[in-house]
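Chain IDs A, B, C, D, E and F follow the sequence of writing; residue 1 opens each chain.
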Amino acid sequence: MLFITRRERFSSAHKLWNTSLSDEENNKIFGKCAYPNSHGHNYQIFVTVKGQINPKTGYVIDAKNLKSIIKKYIIDKTDHRNLNMDVDFLENINPTIENLLVKFWEQLEAPIKAEGCNLHKIKLIETENNYGEYYG
Amino acid sequence: MLFITRRERFSSAHKLWNTSLSDEENNKIFGKCAYPNSHGHNYQIFVTVKGQINPKTGYVIDAKNLKSIIKKYIIDKTDHRNLNMDVDFLENINPTIENLLVKFWEQLEAPIKAEGCNLHKIKLIETENNYGEYYG
Amino acid sequence: MLFITRRERFSSAHKLWNTSLSDEENNKIFGKCAYPNSHGHNYQIFVTVKGQINPKTGYVIDAKNLKSIIKKYIIDKTDHRNLNMDVDFLENINPTIENLLVKFWEQLEAPIKAEGCNLHKIKLIETENNYGEYYG
Amino acid sequence: MLFITRRERFSSAHKLWNTSLSDEENNKIFGKCAYPNSHGHNYQIFVTVKGQINPKTGYVIDAKNLKSIIKKYIIDKTDHRNLNMDVDFLENINPTIENLLVKFWEQLEAPIKAEGCNLHKIKLIETENNYGEYYG
Amino acid sequence: MLFITRRERFSSAHKLWNTSLSDEENNKIFGKCAYPNSHGHNYQIFVTVKGQINPKTGYVIDAKNLKSIIKKYIIDKTDHRNLNMDVDFLENINPTIENLLVKFWEQLEAPIKAEGCNLHKIKLIETENNYGEYYG
Amino acid sequence: MLFITRRERFSSAHKLWNTSLSDEENNKIFGKCAYPNSHGHNYQIFVTVKGQINPKTGYVIDAKNLKSIIKKYIIDKTDHRNLNMDVDFLENINPTIENLLVKFWEQLEAPIKAEGCNLHKIKLIETENNYGEYYG
């Protein structure tokens, strides 16, 4: 069993906001992360797949294909976008690292399976001091 | 003459938009950088001052003071904010790297002079592939 | 189950020295790491907690709280200090990466539990070529 | 149980090429990675060992010894070399990240065992966007 | 006057070899950098242009255009290639950092001028410990 | 004219302390940087030389020679040492970034001249947020 990881990047605006809470509660919980006009990040996503080596190619997965999957299902939908307003699969989602990881997993699991591999981990770096990891 | 540099960081939303142009022109010039609901970046600002070594302190400038100046005049106004909407000294400014550098210079020049040093350079990193520099 | 990591930094002096061994033995085992007047490092500590997403906040843990815990129990005691001489919870400890990891775990486990999460891993980077990890 | 990691680097040429396939098949599968005169990378290898802390040294493994093992069994054979042509333990191996990891494991497992530790993981970074991991 | 920098990357094989010297002299001068089957690097090129801000766009140069120029004149010719054998503008050139910088300048100067800017500096990083800079 | 830079690293203890001032004054000026038992850093030094390309070698300077000079005159004297106590050329020097840069320049200027090049700049990184530069 080997693990192959591909990094991609997207630059997005967001604010932390739970649409089922009052403005007052949101401001109390999220502080400056809830400022009304949004802030933003250069996100880095690391997608790790696991599998056996294909003896013909020497690959677990062709990195070009993994890149294409991440691009199609994550980057094209999030890059240069506002995560609270513009992304179909994030509707009504409070875009914390944690919630993004769960939603990104839902996006990537099936197309990576279709390549004959298993999605093992998603790591999402929000700033140089904060990141999260999810194993499904 | 020695040069001392302090790095600080701010996470902001922005879009590239010249308020004196039509929507059509903005979209044509700035493409995805003009998407209406903003995107964002983890900006890094590097502020370089030049001066003689003070023989008592061994400093050109006390890095704690340089940090405080950058924090007061740049970070407290831009971090977790939208650069098109929330920053007093950026009103009606299209927040390209270039325009930000010029406006940041105006913010920092006088308070650094008041410390007995001269502002030499501001470097602004927007992504790992794009940055600008300004010498006043 | 999700994993959230916060990085903090501290700049400390140390030397590798087992106080129960002779000078000769220490010098033989630790070489230049045992030089008498200490050397030092910019340490980076990555603290990973695991837990369920709180549906109200979208957080496993509020990163501000995790930062405060690391600051109170690790950084305030180690930063700008000598790890062999100045840190209450390191008395008579030889400050190798390994021993630091175990002692940092003892410092952080209870206060993170008090936040409703579990400490999962501590990673300690000493130089760009050397780091250690501990899972308790 | 603690985990200690040492990073080393090597700069090598390679191309992706399965010697049991036709030129046409190789070119189809590997594209620009199969260009005939090779390309190259600054590889980074991270070797992680696991073990108990030796109470005398405070080490799981002396990083100097771990460095020497990686140097002798990997770096001296791969650095400034062509991975398809120059490395005894890579003969007839298609030097993908995956195949390199398996072969590096075979090189390192025994000498690390001889130090009283267990090899836990090898991570190999090929570019800032691509890496693999192997646990044996 | 402002300075805008764009980073691009290419992964190439090369060896240091002066075709007008004997094998013996080449091996003596360049040591392991002259090994016959080549080694390789992940090169990073930073291209800095200088100019006035265009008041309409807020740009000195549109980074997308700068990226396209570097891609067309450098990356498409060097990436996944052997610098001693495959690059038209490097024929009979010993691909040291210094010689590459001069040849890259010749490639980039005119097309950047055609954008209404001036090429100011090229920085070429070969490894994390070695880089060169050229101002024409 | 071309510029070649070599990076080297050293891990040292230091405190900021002007031996001609009272304890009280030192503590007032330098705060936590003056704590009595020292702290420390992973320093990075970038040494830039300028010169013409030697047409035989394609080098301004052989990076191996530049590395040897930095190692002999800086690293061997500072690495794993206390900058206030152990370094011959730093006696009675308050080891701020600024003072270190001036003293490092004195160490490196002549041996680099002896290689037929000119020392152009020394950059000294103390932490990821603080560095200094000196041009002699």
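To be clear about the criterion, a residue touches a chain if its C-beta (ideal position, glycine included) is under 8 Å from a C-beta of that chain, and two chains touch if they have at least 3 such contacts.
Predicted model, so just to flag it, every value in this text is computed and none were measured.
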Give me the set of chains touching chain E intersected with the set touching chain F.
B
Just curious, how far off is chain E from chain A if you go by their C-alpha centres, in Å?
34
Distance from chain E to chain D - Cα centre to Cα centre, in angstrom
28
Where chain A touches two or more other chains at once, the residues are 128
Can you name every pair of chains that touch?
A-B, A-C, A-D, B-E, B-F, C-D, C-F, D-E, E-F
The chain B residues in contact with chain E across the complex are 16, 18, 21, 29-31, 94-99, 101-102, 128-135
Can you list the residues on chain D that touch chain C in the complex?
1-8, 48, 53, 56-60, 63-64, 67
Residues of chain A that touch chain B when the two form their complex
9, 11-14, 32-33, 35, 37-42, 79-82, 85-86, 127-128
